[in-house]
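Paired with subunit B in one complex and with subunit C in the other, subunit A is shared by the two complexes that follow.
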Partner chain A sequence: MKQLLDSDLELVVESNFIYLPLLFDPEIENEIQTVFRSKKQIENSVKPDLKTIIKVKDKYFVKALNLPSLLENYEVINAYDYKRLRNDCLLKYQLTDEVDGIFLDETLKIILFQIMPHFIKKNSGLTRKKFNDKEILDLINRKINIPARYYKNAETFKNLAPLKNIIENLEIQTPVFKPPGNGILTGRKLRDWFHNAVQAKILKSERHRIAKSLKVREQFNQTKPEHIAILLYISDMGALEIDGFGFTRHNSYKGEYFVYKRTKEFVLTDYYARSYLFPECSVAVSTYLPFRPFVMEKYKHPFLLGHKSGQEICLKESVPSSELSAKNVIRTLEEGITALRYGYDCRRRNGYHSLDRTWVYIPTIDFEDYRI
Partner chain B sequence: MDLLKNIKQKRSKQKQKQPFKRNVFNLISSIVKQYHLKKSFLDILDNVEDDLSSKNLNLTRIRVKAPLDSPLFSLASKDQYSLTMSIISNVDNPYLKFAHSPEEIIWCKPLYRLNPAMDSEKLMRYHFRTLYLHERAKVEIEKPKPTDAKN
Partner chain C sequence: MSDIELKKELQMDEAEKLLPLVLEILPGHAAEGLIDIYEPGSYTAKSLRKLCDKTLNKKNLSIEEQLIVEDIKRQLDGGKLLSRGQEIEGTALEYAVAEQTEAGEKYLYVPIRAIKPQEGGAGSIIVD
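Entry: the complex of A and B
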């Protein structure tokens, strides 16, 4: 089927059927001659819809595929191609779940407009000013190099006319696609028509999504294209990082994020006042329970149990909050960072491990490679 | 009783499986498709006799047939079909069904003219050019030499 549509083969479309060039051997030729010799006799008795072989410009074509049936069942016939066409179609109108979801994502709003301003440098010099949402988006736009295609997509997003047109057409029940018209067509031309027809069918099936998307777009119609581009960029990349603060979308839990802050290198001293240089790491907290700080990378520290990624930081006296709010996330992140940088007491050797090897040394995690 | 036996024998023979024989159309059609032959090939076929007379051919080495993957049933597009049928009607001899390449189709006519009674085993095994040169050499040996004629 795919080979057929990708070829330059001449095909005939008649009465909603694709007719393919007839292949010959001596027996088929005899049959054809017999059929077309008696054609005049049978012409009146046979409906044109039921013609199995037709002759167009001295070439014979044989009835092969029913176009409406092919369209109807294309999802099953070629699931991979159907999925690809569907994705292309939804992307063309920016109709993906992520795009609509991102504009209504309350968690993301908290991260972007309440948590992020706490951690990033907003003002130059000594000026202090509280930023509103639009100013924060402007700041992100200045700090992040967003590829041009997201600005183009933002223009598409803001243009409500195509979606309104689709909805209107669906409401007045006009056919979703025009038939290709009878006659000879090349395989590629038929493919183009077929792809358009499949996409029209997909749009019809996505009517509710289009209506929902239209509402969202009307709501955000006054938003600057640059701001929409930022949100589309976040929706696509699933992550953003500015000045060591960032967030990344959780792969398994929809609508959940990891919010993190990178620590710079820091030095801890052991019982004998020897210094250990710890490399930088990202202290993170998830937007779902439990709200405990952890280190994202593979890392070792007296407050971490092992030497691997995603370890919770040991905070003995801290009680984790039970509610997602900007204040709680900021507090948890700061507690995590403070614990790593300043929590270790060389006299008490607190935490899971000691920096120096004690006289009853049991080798667990060793920090000798960090010694300076 | 004899009649009954006779009928039974006939029926058992009819029931026996007959080996499938590829017909000339399937074979030539697959050569046309495999080698992408065009209509100009027919001109070569028409002029093969003239070309042979002008060439000085020597039997240098024995050539073996090239293997050919031909399907059991071949279907051809209209152009390929008309070319295949033209080749079959142009050559029109029983050796054609042993040809495995366009070159052998070309050699088919002269070979048949030189010796129309070759056995199928030779035709299946050796390239038609080799067979043609071999047959021509045989004919030349059998020709009476001018010195013999004097004696």
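Entry: the complex of A and C
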């Protein structure tokens, strides 16, 4: 069917049925003549006015597919294409779950407006002033190169008219799509009509989502388009990083994030005052329990058990917080960074591993490659 | 070091002493802290620690500055003042770098972090 709709083949639409052209073949020609002479086609039809074979502009067409039935069952007939059309349709009106969710995401608000300002440089020169939420978004807009398409999407988001129109049409029960009309159509034209009809049907089924989305948009209608573009960008990318501070959406837990701060390179010294240069790493904390700092990358350090990614930093006398708040996340990140950078005591060799190879050296994790 | 290089360095040293000093004390790993500006000549005879104490005891702070001072004091409860990765000692000039404002005015800048120690590792390996 896809090949049929992607072709330039001439088709006929008659009383909601697609008629396909018959081949020019002597045997078929004979059969057609027989059918027409015996008027069997009328008897074979479900309805007397629906002929099995019709003649349009000296060409014969045979009844093939019922359009309403095709439309009704398209989700099952071609699940992949239906899903693609659905995604396109929802994106066209910025109706995805993520888009609506991002505007009501309280965790994201804490990260953006309370945690991030602590770790990024906001003021230029020697002034030090507190930034409000709008100023934070302005700052992000200056620091992050948001692709133009998100500004375009923001305009779509702010335009309430199309969604209001859909809701109004659904309320007064206007048919969601017009039939294609009888007559000859090319496969491609019929495909365009069919896609529009499928999308109109999808919008009808998404009525509740549209109504909910409309409410969100009315609430944020006064927001600057560039601020909406930032949120749409975050919704799409699931991550943002400024001045070594960033966050990334958790793949498995919806609405949860990893918040991180990069450490920059740092030097630790061993028992014999030899220096070791540790590469940059990202100390992170999740927005769900347990709130303990860990290193995102594959990393090794006296306070990390192995040499792999996602290892929790071993902290002495640290009580992890039990609730998500900006203050707790900042404290946890700072404890993690401070421990890595300043927490190793070369005289006591605290931690899982010693920087220097001691005389009872147990080859677990080696730091010789960091020696400078 | 050649005589010419030495002379140049001395000239630079003298020029630096004529610049104002901008001290910024940052609580923990924050990106911004409490700023204080010292006029040329007002800081050379004092140790950096004394300058920090003076800055932290400043009166007439804005609400934002008061919050930063609170945060710094919380970090300093058992914590240290670090600059360039080391505990501060000596004069501000030893830690200063020359910077300039957007208008092109030069100044010396010393960033200092108030860090509350966080020891890592549950145990320790003691081998001597």
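Here is the rule we go by: the second predicted complex is superposed on the first by the 355 of 372 C-alpha atoms of A that agree within 3 Å, B and C clash if a C-alpha of one lies under 4 Å from a C-alpha of the other, contacts with A are read in each partner's own complex, and residues count from 1 in each chain.
One rule holds for everything that comes next: a contact is a pair of C-beta atoms (placed from the backbone, for glycine too) under 8 Å apart; a residue touches a chain by one contact, two chains touch by 3 or more.
Note that the coordinates shown come from a computational prediction; the quantities given were computed from them, not determined experimentally.
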Which partner reaches more residues of subunit A (counting touched residues only), subunit B or subunit C: C
Which superposed partner A:26 touches (first subunit B, second subunit C, both, neither): first
Partner chain(s) touched by A:320 [first = subunit B, second = subunit C, both, neither]: neither
Contacts of A:302 with subunit B and subunit C, given as first, second, both or neither: second
Partner chain(s) touched by A:350 [first = subunit B, second = subunit C, both, neither]: second
Which superposed partner A:267 touches (first subunit B, second subunit C, both, neither): second
Partner chain in contact with A:59 - subunit B first, subunit C second, else both or neither: first
First, second, both or neither for A:187, with subunit B first and subunit C second: neither
Contacts of A:358 with subunit B and subunit C, given as first, second, both or neither: second
Footprint overlap on subunit A, comparing subunit B with subunit C: none
Interfacial residue positions of subunit C with respect to subunit A in the complex: 22, 28-35, 37, 64-65, 68, 82, 85, 101-102, 115-127
Subunit C contact footprint on subunit A (complex, rising order): 118-126, 128-130, 243, 245, 261, 266-267, 302-303, 313-318, 330, 333-345, 348-354, 358-360
Of all residues in subunit A, those that touch subunit B in their complex: 21-26, 28-29, 59-60
For the subunit B and subunit A complex, residues of the former touching the latter: 25-26, 29, 73-78, 81, 85
